[in-house]
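Lettered A, B, C and D in written order, each chain numbered from 1.
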């Protein structure tokens, strides 16, 4: 019989496979904060913008929601993570900024420095 | 129509209670859950609803009344169309929620726990809505408005009024 | 700050843990700066001093990003090599690299370069803001539910308890009772049924870390509870959560369902003979239900009124059965302790307070938000280093910790290290972790009144001291803020406060006077000013203000028309005057004046 | 084996005490009376008032002695200056939210709060402020609820839910705004309240008090056009002396009769007479049922609170209730029919007053179905307390009064009538008569010990002509409900059930004198002594069986004919109906909480 530790290892492998299957290995991973506080600050609308972009053919991007990291007065926050690069954290993102992040960062590869949380 | 809607709600509540009774041998411990469900369906807890719960769940009415009045979440009167919850958590308070509350009270001419004469707004206080970064905040229905000023809150209230008027006309 | 718009190519992090024994980060930083200057790289990256990184035994620690390469035991001699090889040639220095994989440092990988986060240490909130909280796969991929597998494979219940005891973990909800001992008491009871409860009735106004934790990483709490259930011999867990947290409830519901579907909850977990399941019960808006026995009554379907202890819930709890209650943050620590070991955990923090503590930093501070720091971090570090200091260049006046049960600490306590004992000694408490920064614009009497109003409103009404006593204290405070304070009021407040503290039935009552007593100790002069001179130095107590018309007045008459007391006089187009004796201090003249001609003093 | 003991220190002196008890229990036995308020030995521990706090070395806070357990080596301080001051301040806080109307209050002189304030030495008030202000509930004919006087000790809520299991009362709202009330704050008269008055008994203040009819009665007593007739319940005589400082257990039968005559009653009759009458009817009815004419088990119907409880919670068992009116109402019926005939007066000129140990009798007197030719059988009910007050108020020297006999023709009673006032008494009386009616032989061993005493549910058996009759007795509505739950489940288990709504039976009624300064309400010893007074009266009577009462025999001969005659049925029997006030629940799983 399998020990629980063996079972969990198997489950983890399966989980990772599923995540990868959802496109985790895309060049860019985008995380939109979706906690009560983020939503109150308008993150739902921001998420919609990203979703729409993905639906309309934005490729090589893995889009996911995340909980609140705790940076209250800069919410909504969006992270863009690329392997081998420093993760980029955008604060106070609204729909307009989200569109620009899509254009300039996700498509154009430019980090929009003035919106980055440091 | 109104009554059939009420009947429908009552049927849903009864179904919920039947499910509770089915799954547990401690039904009284689900009283608060049942009250939540009832308030969810009816908007508030009426005597008729509480009587029904007492009979079905086999819990003394006095006990249900004691519980319903103890917890501030439960409303014992019909509520206005929109609920305005002003956050009086510490962060909001320090950032001037007291002032905002005064403004709302003056604007709506009601106190906390009351409903405007036209049945349009009910005013409540909330402990902390968890949006401290946006303090001071109010929650109208399920939408949070933050970084309020006296002027801003009046504008928001007026927007609700306008929208309602439009939907009536349109 | 951004002199150079050139692209940031690297970030170097140096561990600068507040209680670090190495304490060499500042010197190392200087060495690196010199090396960077030499290579002309100064403008291409940043050097960051972080909070404790939890790798103390291998310190000093230096991390190079991108790539998250961790160097251990770094000395000044190693710096030129690291800069030359890693930053210039892009070849990491393999002899210095250490392999550390802790559960928490994933958060740091993403957020470590942000000043606000870099100074923190994320154990309980390790996954918040990192994973999709609605994806159990995300959680599993980060060694989620491995702690369960580990105990089910290799540990007896008493070994689990021993590990928790050894970790030094203490309850994060208030008084800081040793968690392992609580577990042991419950485990020692013989009973056909036992319960494990997660207290998520976060009612402290201004605290929202439990909500964040559940919304951001619900599985951690679930895993902690399963471990607790295994340790004490319980098959049934209940999460008691505020109804005001709909999103947290939805996420928790989904997480429980997913965990059940994946075999982490339910019968024969992971093929073992241990079974455990979790149910959610909603609160309904009663702060007092954070108290254990009140919470139990609430789950039982009654008014949430506390009962005398003993008997403690570990002996006689929910439905009269032995019951283990911990709060969200406490539970979230448990999987880490099991996987990263108690020995590792107890290295974080101070002698008597181990691990980290989450605070909800709010109020008049620049960076508001959730802060998780190792115990022993000072208030100053949190407020000024992480929080960025006071907004709008105002002056710091006090910090309130512990919510309505805590106290207000003035500047002289800023260097107090945060742990249960030090805060208590200073006259406040750790509490559930609310931390409100107060500046010179706030009146301390008013702050005390605010908190007392809250507890008064939330008092269940069962015991006399709390029900009647807080009411009388509030009346006295109201009197003082309205300029009707009398000689002897301060003594009455102290007499009542001490009575309520020592004679009340439950923790809510016993701590209700704290905000008043601590402000009486630390800001007594403000009370005295209110009472003797009828003055509020912060200008917050309306009725203590004098409204005066200054020379900007053009005599438009707006104030005269609106004044309900007929206190304004003056001829058109000449400056008006306010008759102090008639003024009722409603402030309407101040609000209506378009010329800024009315002063509040 | 010797009992294990531990050492505790009270005020620095060591004492050996038993473990597993509270500090208060241990202290009580050692002669330290720690002040207390919400505590009641019969009820669950509330720990709310905080008056009983003590200092325990090593504890940061004070410990409530009512709930804190003793442990070996514990050092307790009950009377330091600090704890005295803390207790004083707590009692002052209670007073600060309490009307300052002691001298006009119904409980002036026997109020626990007043006594406490005195013993705390509260001379000054430091913390006065806002006071609560609510309307009195005067809707019930029996019990007045005055929330302003309530100090939220919760005793009423606990006795109503734990002992009586009626659950009419609960704390509602919370904090400073907590009020004890029926569901929805509806009038008491519309609630499930059975009017038993036990809330009055345990209330330390005047928050619950009987509806007072003394002024109305004084008025009527001075009305020369009326013939004023009183009847006195058995347990009144067993307890009224306590209101005058006489120790419990001293029956004051003749003194009560004499005092009531001095008050201005034209006739003073004895409810024990009509108790004998009740037995004649009830025993006959039982034998009828035993022979198949009606449902078994038969359940007694003397207790008014019980009747309301039954109608609300056990409507399916209404047919099992004896159709007999209570002794009070039987007397009332005779007073408005046979008696005026006999003295040649108009029935409407008879003003019929019942002096009862009971508040529920005030409710019963108003039941419309008990009317006789459109007249109330009983026009007015006063409790033992009200009667005692009237006697004092009228300047009658109860302590030195010379006793007088009750008046004829409705004043003579058997010993069986006397024991009607205590739990098990009705059953015992019924057995004495039923046995003889059934077997034709006199029952010699007439004291049925297994039906005496304060056990919640008592069972007994008698054999009549070889037939085993199984009987059961319950006192207190909670026990009664438990008993009926058994009877409902096992319909054949009993033949005959006696229920009295109050703890201990009528001797523990809601209208009995308040406990004195050194006692507690519903003290078991006191209840036993009151019962003993009645058993003594029984033992000292030459006539101890109801059917041997010559006046009862005469009443049948002159007026009623025989038990269960048509006339009996018309005036001495009644029927009960299902009642559904708001807040009713069918009895089942949940009762107490």
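The working rule: contacts are C-beta pairs under 8 Å (C-beta built on N, C-alpha and C of every residue); 3 or more make two chains touch, one makes a residue touch a chain.
What you see is a predicted model; the values in this text were computed from it and never measured.
Enquirer: Listed by label, which chains are in contact with chain A and with chain D?
Expert: Output, common partners of chain A and chain D: B, C.
Enquirer: Quick check for you: compute each chain's CA centroid and the global CA centroid, then name the chain with the smallest gap between them.
Expert: B
Enquirer: From the centre of chain C, which chain's CA centre is farthest?
Expert: D
Enquirer: Could you grab the centroid distance between chain A and chain B? Build each centroid from C-alpha atoms only and quote it in angstrom.
Expert: 34
Enquirer: In angstrom, rounded to a whole number, how far apart do the mean CA points of chain B and chain D lie?
Expert: That pair's centroid distance is 44 Å.
Enquirer: If you average the CA atoms of chain C and of chain D, how many Å lie between those two points?
Expert: 56
Enquirer: Take the average of all CA coordinates in chain A, do the same for chain C, and state the distance between these two points in whole angstrom.
Expert: Between these chains, centre-to-centre, one finds 26 Å.
Enquirer: In chain A, which residues are in touch with two or more of the other chains?
Expert: If we look for residues of chain A contacting two or more partner chains, we find 36-37, 39, 71-73.
Enquirer: Two-or-more-chain contact residues of chain B, please, as numbers and ranges.
Expert: Where chain B meets two or more other chains at a single residue, that happens at 28, 59, 63, 66, 70, 129-130, 132-133.
Enquirer: Residues of chain D that touch two or more other chains: which are they?
Expert: Residues 171, 173-174, 593 of chain D touch two or more partner chains.
Enquirer: Would you mind giving me the full set of chain pairs in touch?
Expert: Touching chain pairs, listed by label, come out as A-B, A-C, B-C, B-D, C-D.
Enquirer: In their complex, what parts of chain D are in touch with chain C?
Expert: It comes out as residues 45-51, 53, 60-62, 64, 66-69, 86, 89-90, 93-94, 96-97, 126-127, 129-130, 151-152, 154, 171, 173-178, 593.
Enquirer: Considering the complex alone, what residue numbers of chain C touch chain A?
Expert: Touch residues, chain C against chain A: 2, 5, 7-8, 10-11, 46, 65-67, 107, 109-111, 113-117, 125, 127-138, 140-141, 143, 145-146, 148-150, 152-154, 208, 211-212, 215-217, 245, 247-248, 262-263, 269-272, 362, 366-372.
Enquirer: Going by the contact rule set out above, which residues of chain D touch chain B in the complex?
Expert: 161, 167-174, 181-185, 191-192, 582-586, 588-591, 593
Enquirer: For chain B, which residues count as touching chain C in their complex?
Expert: Residue positions touching the partner: 26, 28-33, 35-36, 59, 63, 66-67, 70-74, 88-91, 93-95, 126-130, 132-133, 135, 142.
Enquirer: Which chain B residues qualify as touching chain D in the complex?
Expert: Interface residues on chain B, with respect to chain D: 27-28, 47, 50-51, 54-55, 57-66, 69-70.
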